[in-house]
Amino acid sequence: MNLTTDLGGLRLRNPVIAASGTFGYGEDYIKAGDISWFGAVSIKGTTIAPRAGNPPPRTCETPSGLLNSIGLENPGAKVVIEEKLPWLAQFDVPIIANISAESCEEFSELAAMFARSPHVSALEVNVSCPNVKAGGIAFGTNPDMCYESTKAVRQVWQGPLIVKLTPNVADITSIAKAAVEAGADALSLINTLVGMAIDVNTMRPVLGNITGGLSGPAIKPVALRCVWEVSRAVQVPVIGMGGISSAQDALEFLMAGATAVAVGTGLLVDPEIPRRVTQGIREYCEARGIETLQEIVGAARR
Amino acid sequence: MNLTTDLGGLRLRNPVIAASGTFGYGEDYIKAGDISWFGAVSIKGTTIAPRAGNPPPRTCETPSGLLNSIGLENPGAKVVIEEKLPWLAQFDVPIIANISAESCEEFSELAAMFARSPHVSALEVNVSCPNVKAGGIAFGTNPDMCYESTKAVRQVWQGPLIVKLTPNVADITSIAKAAVEAGADALSLINTLVGMAIDVNTMRPVLGNITGGLSGPAIKPVALRCVWEVSRAVQVPVIGMGGISSAQDALEFLMAGATAVAVGTGLLVDPEIPRRVTQGIREYCEARGIETLQEIVGAARR
Amino acid sequence: MSLQQIYDVEARIISVSNVRGKVYKMAIDAPEIAGTAKPMQFVNVALGDSTDPLLRRPFSLSGIYPDRGIIEITWAVVGRGTEIMAGWQAGQSVKVLGPLGNGLDIANLCLDHGLILVAGGTGLAPLFPPASQALARKAEVNVFYGARSADDLLDTGDLVTGCRLHLATEDGSTGFEGLVTDLLEAHLGVQGTGDNGKPTVISCGPKPMLKQVKHICNRHGFPLLVSLEERMACGYGVCQGCAVPSAGRKSGYYRVCTDGPVFWADDIDLGECTR
Amino acid sequence: MSLQQIYDVEARIISVSNVRGKVYKMAIDAPEIAGTAKPMQFVNVALGDSTDPLLRRPFSLSGIYPDRGIIEITWAVVGRGTEIMAGWQAGQSVKVLGPLGNGLDIANLCLDHGLILVAGGTGLAPLFPPASQALARKAEVNVFYGARSADDLLDTGDLVTGCRLHLATEDGSTGFEGLVTDLLEAHLGVQGTGDNGKPTVISCGPKPMLKQVKHICNRHGFPLLVSLEERMACGYGVCQGCAVPSAGRKSGYYRVCTDGPVFWADDIDLGECTR
């Protein structure tokens, strides 16, 4: 059975990707899990300057979900490009560089920096981070801003360009179309939903940053709906994510129209998930005589 | 301890409300639960003409959540006003009439019909139903449309006017402000998030209507965040709902800024919830020497 | 105020046993429910404190013992909820909401020409109580019961003695080899039916079986009651989730949980039903 | 490819026992972890198949037995996860990820002037292994251990014989009546400390206690290691959720799960820590 898939020029051995922010730059993952089960890995959201991130507490468990307010803690693009990527490249898994910025100029500068690295297989433009004040999600809730930021990256980056969208909008297809018009080769969806929790004993918000991003199985229905809507509205491939922790979850996303899937929160609970998901997809297909992944992609829409 | 609360002129004995669509018109609830534990009840979303609703399956369980695509099945305003409300009124619990329409004219006509009933304590304008094609959620995702529909109701209804908002927007405060400007006395939030599920065996969407509304504990973090944002942005009271099934859940909403709370999906799982929530709030307050509900409302913001 | 007819009880489990294969049976100490339940009503069983799984699960009463205050349910493990239940043990407590649904008023049925029960798989469970009530009224009770194989059959020993049991399995491991509806047709072909003397038929099981039973009954002019299953959220009438398309006079949908689960076959549109 | 140092094992539970009150202890058959774990490392324990609760729960290794391939954890029931674990039984299997965290390299510590361990509540659990390793190196080990009351104490019988145990309870039900830090100060006051001969101190427990211990150690010039707890999502370094503010040379945050849980007290800012 052929599990390869294509994301706007980026060919993957199998459709399971490590979601940005739940894999770091691989150094710690590699000690607990087997990186070769990934079709590609998306690194932690990286900015030009190093960021210390938000004050703790940064996570809070919710019913079937996780709130996080990491706040894009990262060592800055220079360190990532000079130290992290060359090390990560040794494992021969395509690297997707997830980038975040506060302006179009910054996006373009950041993309240009990564364009000079020989280790980046694709860029993932994060216009959907709910945990930073300036920039972040603002780019992803307005079609024009999404267009401009995508365009800024497109002009300096020739390789596969992925734009990562937020579900915190009334009509995700309009944002998706803007990204595609500006030159996106693929779309990642979804990033987290904005949420919060309150500690009734202290009467204070649980997270140091007050609000955070909701991920995990709780958001799967919303994510599936976004993939369903967007994959009908645009011609480019979609990477589906949000609550995937089993082959069955992944199959739902593929059938909804995703060309590949990413596992985020699932990796935090269980570093073995990519193997289980990949093997499970294979078993499902083989039991039904399905020979290529493409036969499943969008199957629920036919 | 004083549990009374005030929703823009509507005084409640206690802050726990039956959410619209999970209580019907009371006939069936009354057989399983004790209606007197509610501070008020919101009836099933009602339209001018009877509606048969969407094709089955209409529900699907998700991780800590429920997808529904009922599609506003209801017998129409005439039957509700002539048969359902007079019966329900005997229990002496304030009745909130939840209304849904496809145009401002319809909203105004519907409001006028309910205005003639002596049994309606408040109107709840549903500009957030994800399960009907025309109208529904469209009114709730655009500030201007929200303003117009609220205004249409305001012009024919003098009593307490509640507008029920959807979380499926980028900025819920802008919609909230529009509703208040148009004369809303209170806001209900949140209605369901749009979601879907796929059956990997049949390779088809589970719901007959393909997409549905996600409710239950899974959405609680999103709902809390909406209450937090909106209650800071407007001066009118907010009814918080989304995943409440315990006193602790309810307290989180009150502390986030809600003046009352509603229980939806929780009622489906457990008709006894209003008693448990009300008693639990009382115990919490008494253990801490809190004498009025108002001391808790918005406590996490101070 | 409440007009309580449905009880939300925290009840003690008296016993849980594995009937065979994936089929389990549980007796619960619930006097309020046992004292008021009618045949073919059901209960909604809470799975625990976790919100995943979230909803209660509906199960027909396979036994109602008002004198002892006990109800019994019988189920097959098909997913997470039924799997969790299979791990329960005597002595534990369980939250049960019931009795739910319209149930069957056996006194209102014409049993002069006998009662035919047609069941598939776990569909036999709700038919134990009506079988025993019909026999108590001295009616002739014929039970046609089919399953994939002998391993999937419920404990037919729970059928009150006096019923005539006709077994079918698809793989022929017990009884007639083939579908229970084929066995029913064969039986009716031999017996003949004439113009008068039409037995009442009650059927419960998978949708394709129900359709075929309806087809057979229509041909013979037998009045047919079917017990339906549909995905349920509340089970007690407030959510309108369990819609089943109507046929005949009413347009729109019925709710399986309150209008049913027992319907005259002519009142509902089995064709459009899901599952 | 993988550079496996952390094992995700499906392990058999050897025993679960209720130490006292809300405190439980569990032995797990996990040779990979037992064979490689260092003192003061921890494991992340999966709670089951449900997604509510979703995350694993971190627990320090209160016992490491490489020869028998066994690890042990000790916990207090404080919420849903620890409650679920209290219901587990010998023979069940459990998913455990570990060993996690930096742990303690006892060989690198100066033990010439003895080791002082200061623990509060369940904070004693991770100190059993270093206590026994230090004693094996012939160091003098003084253990100051406090809890609210006798009911909240761990099984101090698990402390290897040879340690000098100083007990304090807030209600005076056992040992010194008062805070363990008061007992420590009293002890140091009597003993005197002089200019040289500074024992190494390791402390684990609630944040206010740690702050007080840091204060005392600063005054006496004792080197202090603290073991921290912070809300964790992954426990193995990928999510950056377990941030603790740094002090001294590094700016920003450390990750408790990989940079810690053991830190030199001077490297972190206990003041700003939550909890």
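In this document, chain identifiers A, B, C and D correspond to the written order of the chains, with residue numbering beginning at 1 in each.
The definition used in the following text is that a residue touches a chain if its C-beta (ideal position, glycine included) is under 8 Å from a C-beta of that chain, and two chains touch if they have at least 3 such contacts.
Quick caveat, the model's predicted, so the values are computed rather than measured.
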Touching chain A and chain D alike are B, C
Using the touch rule from the top, work out which pair, B-C or A-C, shares more C-beta pairs. B-C
From the centre of chain A, which chain's CA centre is farthest? C
For chain C versus chain D, what separation do you get between their C-alpha means, in angstrom? 56
So the centre of each chain is just the mean of its C-alpha atoms; given that, what is the distance between chain A and chain B in Å? 33
How many angstrom between the C-alpha centroids of chain C and chain B? 35
Cα centroid separation between chain A and chain C, in whole Å? 47
Which residue numbers or ranges of chain C touch two or more of the other chains? 51-53
Shared-contact residues (touching 2 or more other chains) in chain B: 63-65, 216-218
Please classify the inter-chain touch graph. Allowed labels: line, ring, star, complete, other. complete
Applying the document's contact rule, which stretches of chain C touch chain A when the two form their complex? 51-52
Inside the complex, what are the residues of chain A that reach chain D? 21-24, 27-36, 44, 52-53, 55-61, 63-66, 68, 70, 73, 91, 208, 216-218, 245, 265, 267-272
Would you mind writing out the residues of chain B in touch with chain A in their complex? 62-65, 67, 141-142, 168-171, 193-198, 200, 203-205, 210-211, 214, 216-222, 224-225, 228, 243, 248, 251-252, 255-256, 284, 296, 299-300
Sort out for me which residues of chain A touch chain C in the complex. 63-64, 217
Write out the stretch or stretches of chain D touching chain A in their complex. 1-6, 8, 46, 51-56, 95, 97, 230-234, 236-245, 251-253, 258, 272-274
